[in-house]
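Following are the structures in question.
Both of the next two complexes hold chain A, though its partner changes from chain B to chain C.
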Partner chain A sequence: MNKEALSPPTTPVNVFALLVVALLGLDFLDLPYDASSFCGPSGYWTIVISFGLMVLPLVLLAVLLQRRFPKENIISASKSALGKPLSMVGNLIFLGSYLTWITLAIRDSTTVLINCFLNRTPAWALVVLLLLGIGYIIINGLKPVLRLAAFICIPMLFFRFLMQIFALQGLKPDLLLPVFSASPVSYLKGGLATANAFFPLTTVFLIYPLNTKPQKLPIPVLWAATISLLSFFLGIVGAIGVFGAELTQRFNWSEFIAVQHIYITFLVFEQVGLLFLVIWTSLFFVAAAFLFSVVAKGLRQQFPFLNYRWTCLGLLLLVGTAVLLFPDDFISRTVFTEYRRWLVLPVTVYPLLVYIVSVIRGKRALPNEK
Partner chain B sequence: MKSKFFVFTIGLLLLSTLSSGCWDLLEVDKRAFVSTIGIDGNKEGMIHLSAQIPLPHKMLPPGATTGGESGKQFSMINFSANSVNAALNGLQAKTYQEVVIEQTKSVVINEELARQGITAIVENFIRNSQMPPQAILFFTANHTAKEILSFSPAQEILPGLQFIQAAQLVIKSDWTYYVPLWEFGQKLVHKATDPFASLISLDQKNKMFVTAGLAVFNGDRLTGKLDMAETQYFGLLAGLMQAGGIKIDLPDHNILTLRNVRGDSKINVSKSADGAPFFLVKTEITGTLNEITDTGKELTPTYIRKLESDAEQVLQPRLVNVIKKLQGFNSDIVGFGDKLRIQHQDMWQRTEWKDLYPTVPFAVEVKLKIVRDGTLR
Partner chain C sequence: MTEPIPSQSLEFRRLIEDALNDPYDLEFESPVDGKISIAFLTSFANKKDIQANFLAPLGRLLAEKRNYTWKDILPVISEQGRKIRESLDEAVNDLLEGYTLVHLAGSDFIYTFDTHERVKREPTAPLIERTIHGPKLSLLEDIKQNILLIRERIKNRQLKIEGIKIGARSRTKVAAIYLQDVASPLVVQKVHERLGKISIDGIVDSGYIEQYISDNPLSLFPLTQSTERPDKLIAAVLEGRIVILVDGSSNGIIVPVTVNELYQSSEDYYFPFWFGVFLRAFRIIGNVIAVLLPSVYVALFAVNASLLPIRMALTVSGGRIGVAFPLVVELLFMEFVVELFREGSLRLPTTVSQTLGVASGVILGLAAVNAGMVSNATLVVTIITAIASYSGPNYEIGLSWRILRFSLILIAAAFGLYGLTIGGLVILGHAAIQDSFGISFLSPWAPILPKELIDTIFRRPLWMRRRLQIYQPVDEYRAAKKGGKKDE
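Now for the complex of A and B:
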C-alpha cells in the first residue's frame, strides 16, 4: 500500500468532516439519560459544561503538541518524550481505549437496530455485515474513509438537524424549567459524565500531522466540536422538553425515541425514526471505519513490522469476537454506560502526560523522525 | 489476475447468501395490520384485548370494487389473558397472518379497567418498540372497548382512521383533547402533573362515535370525568383550546357566543403567611364575536367592553368550579404542581404534593378580549 493512501494529506475541511462524522456517528443517542439523571430538567447545561471542560483544553493541548512535534502524532511524539518502553505501554493503552470503545459501540448500535427494527435478526448477522462493510472501507487505508466522510458529511448533517428540530414537536417549555435545577456539584458531575460524547475528538492527536495547514488546526476541530455540541444540545433539549426528566431516564435511546415520536400529517414516512436510524447508521459506519483505520495505522506505527491490511483484518476479528462475547444486552449496556465515562481518561490524560514530560525533559521532534 | 478472479467468485458466492432474504422479511399479504386496539378487563385481572384489522378490499371507493358482499370495512379478533402482552401474543393464534401493531392509530381502554390503574398497560406499549408512540389513547364512557371497536359508524370510514382524522383537526381541540401514548406516559411518570385523555362513547341512534369530555387521572387511576363544557373550561385554563367555540349566558339573559377562541393561563405561586403555597391563575381568553342575541345594538367599544366584562363575570366562577372539581378528584391536570416545582423548588422538595393539592388555596382572574366582530357593526 502506498504511503499516501495510508497517510493522505488532509485539508482542514477534511479534518472537519472526519471529526464531525466521528462525533455524531458515535453519539449513542442516550446523552439525555446522563444529563437528566444528574441535573434533572436543566440537564441540557451538562453538555455545555462538557464542552468547556473537555473540548477547549483538548484543542489547546493538540495545538501545543503540534507546535512541539509538528510532524509527529501522539504515537511517535510519545517515543521522543517518554522513551520506547514506556511509550509502548502508553500507546497500547491509548489505542486500546479506542478498540474498547468501538467494541462497545458496535454492540450498542447492533442492539438499537435489533430492538427497534430488526427484531428477529440475530446479533451476529448484523455484526458480521457491519464489520464486512467497515473492512471494505478501511482495507485501502485512510484515504477512502476521508473521501466517504467528506461525501456524506453535509447531507447527513442536514438531515440529522432537520429531524432533531422536528423532534421538538410537542415540546413543553415547563419541562425544561427551572433553568438551574441542580447544585453546582451536580452540574460538574453531569458535565464530566457527558464529556464522553466528545471522545472521538481525541483522534485529533493521531491525525494532526496529516493536516496540510497546521497553523489552522484549531479551526476545523473547534467547528466540528461546536456543531456536535449544537446537535447534542438539541438532542437533550428535545428529549427532556418532550418526555420530561423522569421519562427520559427510563428510555434506552431517548434521542431516538424523541425522533420516533414525530407525527406529521400526510407524511409519507409514518415513522421518521426509521429514517433517522438509517442516517445515524451511515454516520456510525464511517465513524467506526475511521477509528479502526487510525488504530490500525497507530499499531503499525508502534510495531513497524505489522502489515496494515493484516492488522485491520486482525482488529476486525478481535472486535467482532469481543462484541459477540457479551451474553445479553443488559450486561453490554451496563458495561457501556459505566466504562465509556472512564475511557475518556486514557485518551485525554495520556497526551497531556506526553506533553508535560516533553516540556520537563525539553524534548522536541527527533530530527530524523518522519 | 487469477487471484482477482478468485476474489470476485468468492464475493459473488457470498452475495448469494443474502439473496434469500433476511430474518425479518414478512410479505404484506401475510401481515394483519391492527388499526385500533381495545382493552377491557375484569376485577380478577383478566385482560380482554380486541384488535380491529382493516379489510382493504372493502375500503375501495364505489366502482373500484370487483363485487363481493358489502359489509364492515374491518374484521375483529379478540383474546383474553392475564396481561396485555399475553393477550397480544394470543391474537396470533386467531389469524393465519402475523398480527402487526406498527400501524396502530389508537388504543381504546375500558374506563372500569382504568379505575384499577393502567401503568402496566401504558408501560407495556411504550416498551414495545413496534407500537407507534403517536397512537392516541381513548377511554370509554358507558361502553366497553369491544363495543366501541366493533361498532360500524354511519360515516363509512374505518373507525380507527376516524379517530385519528378527528384528532388532526385543530377545531376539535375544544370538546376534548387528544393525547398520544407518549404524552400520556410522560404525564404518568412526571411527579408534578397527572394524565388525562379523551373520552369516547357511542350514539347508537345516529350510528356515530362521540368523542367528548375528558377522563382525568390521579396518578395511574381514573378518578373522574369532565363533561363537554367542563372540558372547554379546562382547555381555557391549560392553554389547550386553540380554535374553540364557547357559549356564555350573560347576566341580562342574552347569549353571547364566540368562535376561534383561544385561552391560556399564567399561574403565579406565592407563599402565604403560614408558608403554604397560594396559586393565582390569570386566564386570558380571546375570540371572535359570533352571536349576540341582544340584536340591533351597534358594537361600539363601550358596548364590547361591557360584553367582555359580563362574560368575564360568568366565566370566572365556572373556571373556579372546574379547578375545585379536579381538586376533588385529586387530579392535577392543569399543572399547579409543575408551577410550584418551577417557581419554588425549595417548597416543592419539602412538599408531598398529592396530600397538599386537594386543599391548596387559589384564585382565578379572567381577562376576555373580543378581537373581531364579523361582518356586522
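Now for the complex of A and C:
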C-alpha cells in the first residue's frame, strides 16, 4: 500500500470542493477571448465542446484506472504498468506540466494584479508574498489545503456566480447570434483550444485514492466540472453578450472586464471588478497551493529519499525564480498562451498510456498493495 | 517513602515534623493521658472543629474508660472522610490535603479524617460570559462544588467523573467528566494520555492544563474551550464532549473544540429558534467587523481608493486634511490606545472604571482629533471595531483576533486588498492546520460535513435529535424516537 498516495483520506464532498476550487482558481480569465476568436458570437459553444472532449473521457479514464489500481495514484500505478525507468521519465513530465502551469498562472496573475490592483508595487514583492503564504500552508501537508478549499468553496462559488450573473447586465442578445455562427471545424478547434480550462481536473489522477468512497468517484469530479462549465459559460456569454465578439478579442482578461462594468445603485463600491479579483485571488491561492502540494507529494512518491517540506521549499524557489525571469511583455504572453494549450497533452495522454499499457501487459495493483 | 507508622506517640510526632520540616501551622493535640495524638495543619483545619469533633468527645471517653482501643474511639469522633493509613507517606499526603491524623499509641496504623475547611465564596453571576436568558451562576474555585453543579443537573449513571492529581508539589485535583455511553472513546483516551503526561511542579489554574493538553500550544487560536458557565459544561457533556475541572480554578475546560463552538452562546438555545438564529448571525457579523473593518478601511482609503465612489473618497480624504500622520499610523495609534484602555480598565476598581473609561475615551478622542493626530473617520472605525470585538462570547478567540488584527492592518497598508486577501487566507490556513483532540478546528466547514452545517451560522432547532457528528459520539441520538425508550 502506498501511504503517500492515500493520505489524507477525504470524502467525495471535499474532493468536489478541492477540484472546483482548482478549476475556477486556475482560470486565466481569458476564455471569452479564445472562444470568440475561434467561433465569433457563438463562442460559448466551445466550452461545452471542451467539456465533451476533455471532461467525460477524463472521468472515464480515472474510473478505469481506479478500478485497476484502487489504492495507487498515477505515480505508483505507472511503475507497475511501465516499469521503473520509463515511469520515472513519464512521471517527471507529468509533474513538470503542473509546475509549468503554476509558473504561467503566477506570472499571469501577477500581471493582472499589477495592472488592476497595485500599479506601483514591483512584481517580485507580489510573487514573494504569494509564495510565502502558499509555503506556510503546504509545508503542513495536503490536509490544510483540503480544508482551506472546503472552507472557501461555498462562499467563493456564491460570490463568483453572483458577480457573473450581475455581469449579464446590459447584455444584448443580438451580439450572441447567430447561435451557430461558425463551421464545425472551427467549433472543434475552439473546443480544443479552450479545453485547457479543465486542465486542473487532471489532478484527479493524483488524488483519486484519497477518496473514501471510491465507487462514488465520478460524482464529485463531474459535479466540479459541471459547476465550472457553468461559470465559464456565464463568463463567455457575459463578455460576448455585452461587448460583442470583436471587442472581446481586444481585452487581455475578458472575463474580468465583463465583471468590471457592473453598476449597482447604492453599492458602496465604484468598481465590482476588483472584488471579483479578490475572489479569484482567494481561489487562485488555494488552487496553486494544491498544485504545489500534489507535485511535492508526487516527487516524494517517485523519489522516496526526498523530504516533503524541503521539496516544497525547493519547488517554491524554483517557480518563484522562473516567474520573475520571464519579462512581462506582449510576446511572452502570446507564447505562454499558445504553450498553455499544449500543456494539456502530457497530463491527459500519460494516464491514457499508463492504462493502455497496463491492459496490454495485464498489470494490476501489486498483490501486496491490494 | 514507605516508612511504617511508628507505635510510639513521640516517635510519630517527630517523624511527622521531620517529614514536613516542622512547619509553622502544624499542631499536635492530645487528650490528658497522651496515648492519642491528633495532628493537623491549622491553615486547613479549624481549631474549634478539632476541639468539638475530636478533643471533647475523646475527653469524655477518657473520663469513662482508662483502657480503650480504636473500637471505643471511632464511634465517638467525627466520621468525615475517614481513611485508614499504614504508611507515613500516605499519612503525610493526607495531612497536606487538609486531613487530621489520629494516632493511638501501640497501633501501627492511624486514621485520617477530612477536616479541610475551604476558603469558599458565594456563587456569583458570570463576569465574562454574561447572558440575558439562562442561569446566573458561575463556577467556583472548589472542584467539589463544581462537580456538584454538574451532577445536580445530569442525574445519569453513565456520567463518569475521573480524578487525577497533577503537579509534583501542588498535587492539584483534576477531574475529567463525560458521559461514558456518548463521548468518543478515542477522545477520552487522548484526554487520559495528555493529562497523564503532564509533568510540572504545580498547577495554579486551569490555564496551565489547557496549554499542556492543547494539540498545538503555539497556535494562535484556542484549541480548548474555557468557560465559567456550568450550563455550558453541562451542554458540552450532553453533546459527547469532555469537561475538565481543576481545583482552585473557576474556569472549566471543554474538549474538543471547533471554531464554531467559540461563537455560540448558551442563550442561543434558551431563546426560541428565530431569536437564536438572529443573535448568532449578528454575533458572527460583529466578529467579522471586529477583525476586518480596520484593515479594509486602510486598504480602501490608503491603497485601493479607486474602488470607492468618488464622493465618499473625497469626503473621507477631506476629513483627513490637517492630520499629521499617514492613515495606517493614525489607525495603529488609535488601536493601541483602545488596547491600553481595555487593559487599564481591567485593573481599575469597578466603581471608577466605567466612568473613567467613558470620560477618558470621549475626551481623549476629541483631543486627538483637535490636535490633528487622528481623523474623525478613523475614530469612528476604531470605536465600531472596539464595540464589535465584544460581540463574541469567548474571550480567548477575541484575544486571538485582536493580535491578528494588527498584522492584517500592516499587510493591508502594504499591499491593499490583495495583501488583505493573502493575509486572510494565511490566517485561515493557520486555522486549517489546527486540530483539537484529533478533530479539525474548522469543522464542520472544513472538511465539509454537510449535515452538521445547519448548526453553524444558524442555530439548529432543539427538536433535532441527532447529536453533532463532529465529536464522533458513540450514541448518535439525544433522545429516543416517539414511543421508544431511552436511557434509564
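Assume the second predicted complex is superposed on the first by the 359 of 370 C-alpha atoms of A that agree within 3 Å, B and C clash if a C-alpha of one lies under 4 Å from a C-alpha of the other, contacts with A are read in each partner's own complex, and residues count from 1 in each chain.
Just so we're on the same page, a contact is a pair of C-beta atoms (placed from the backbone, for glycine too) under 8 Å apart; a residue touches a chain by one contact, two chains touch by 3 or more.
The shown structure was predicted, so the numbers you read here are calculated from the model rather than taken from an experiment.
Novice: What is the contact status of A:136 with respect to chain B (first) and chain C (second): first, second, both, or neither?
Specialist: second
Novice: Which partner chains sit in contact with A:11 here, chain B, chain C, both or neither? Use first/second/both/neither.
Specialist: In the superposed model, A:11 contacts chain C only, not chain B.
Novice: More residues of chain A are touched by which partner: chain B or chain C?
Specialist: The partner making contact with more of chain A's residues is C.
Novice: Touch test for A:242: chain B only (first), chain C only (second), both, or neither?
Specialist: Touch partner of A:242: chain B, not chain C.
Novice: Is A:263 in contact with chain B, with chain C, with both, or with neither (first, second, both, neither)?
Specialist: first
Novice: Identify the partner contact of A:147: answer first if only chain B is touched, second if only chain C is, both if each is, neither if none is.
Specialist: The second partner, chain C, only.
Novice: Which of the two partners, first being chain B and second being chain C, lies in contact with A:118: first, second, both, or neither?
Specialist: both
Novice: Applying the document's definition of touch, where does A:282 land relative to chain B and chain C: first, second, both, or neither?
Specialist: A:282 contacts chain C only, not chain B.
Novice: So in the superposed three-chain picture, is A:347 touching just chain B, just chain C, both, or none of them (first/second/both/neither)?
Specialist: Neither: A:347 stays clear of chain B and chain C.
Novice: Take the contacts of chain A with chain B and those with chain C, and give the residues found in both.
Specialist: Chain A residues touching both partners: 117-118, 121, 125, 270-271.
Novice: Enumerate the contact residues on chain A facing chain B in the complex.
Specialist: Those residues of chain A that touch chain B are 115-122, 125, 170, 174-175, 177-178, 181, 242-244, 246-247, 250, 257, 260-261, 263, 265, 270-271.
Novice: Please name which positions on chain B make contact with chain A in the complex.
Specialist: Residues in contact with chain A: 22-24, 102-103, 129-130, 132-134, 168, 180, 182-183, 185-186, 189-191, 335, 338-339, 341-343, 345.
Novice: Using the touch definition from the top, list the residues of chain C that touch chain A in their complex.
Specialist: 303-304, 306-310, 312, 415-419, 421-426, 428-430, 432-433, 440, 442, 445-448, 450
Novice: Which residues of chain A touch chain C once you look at their complex with the stated criterion?
Specialist: The touching residues are 10-11, 13-14, 17, 113, 117-118, 121, 125-126, 129-130, 133, 136-137, 140, 143-154, 268-271, 274-275, 277-278, 281-282, 285-286, 289.
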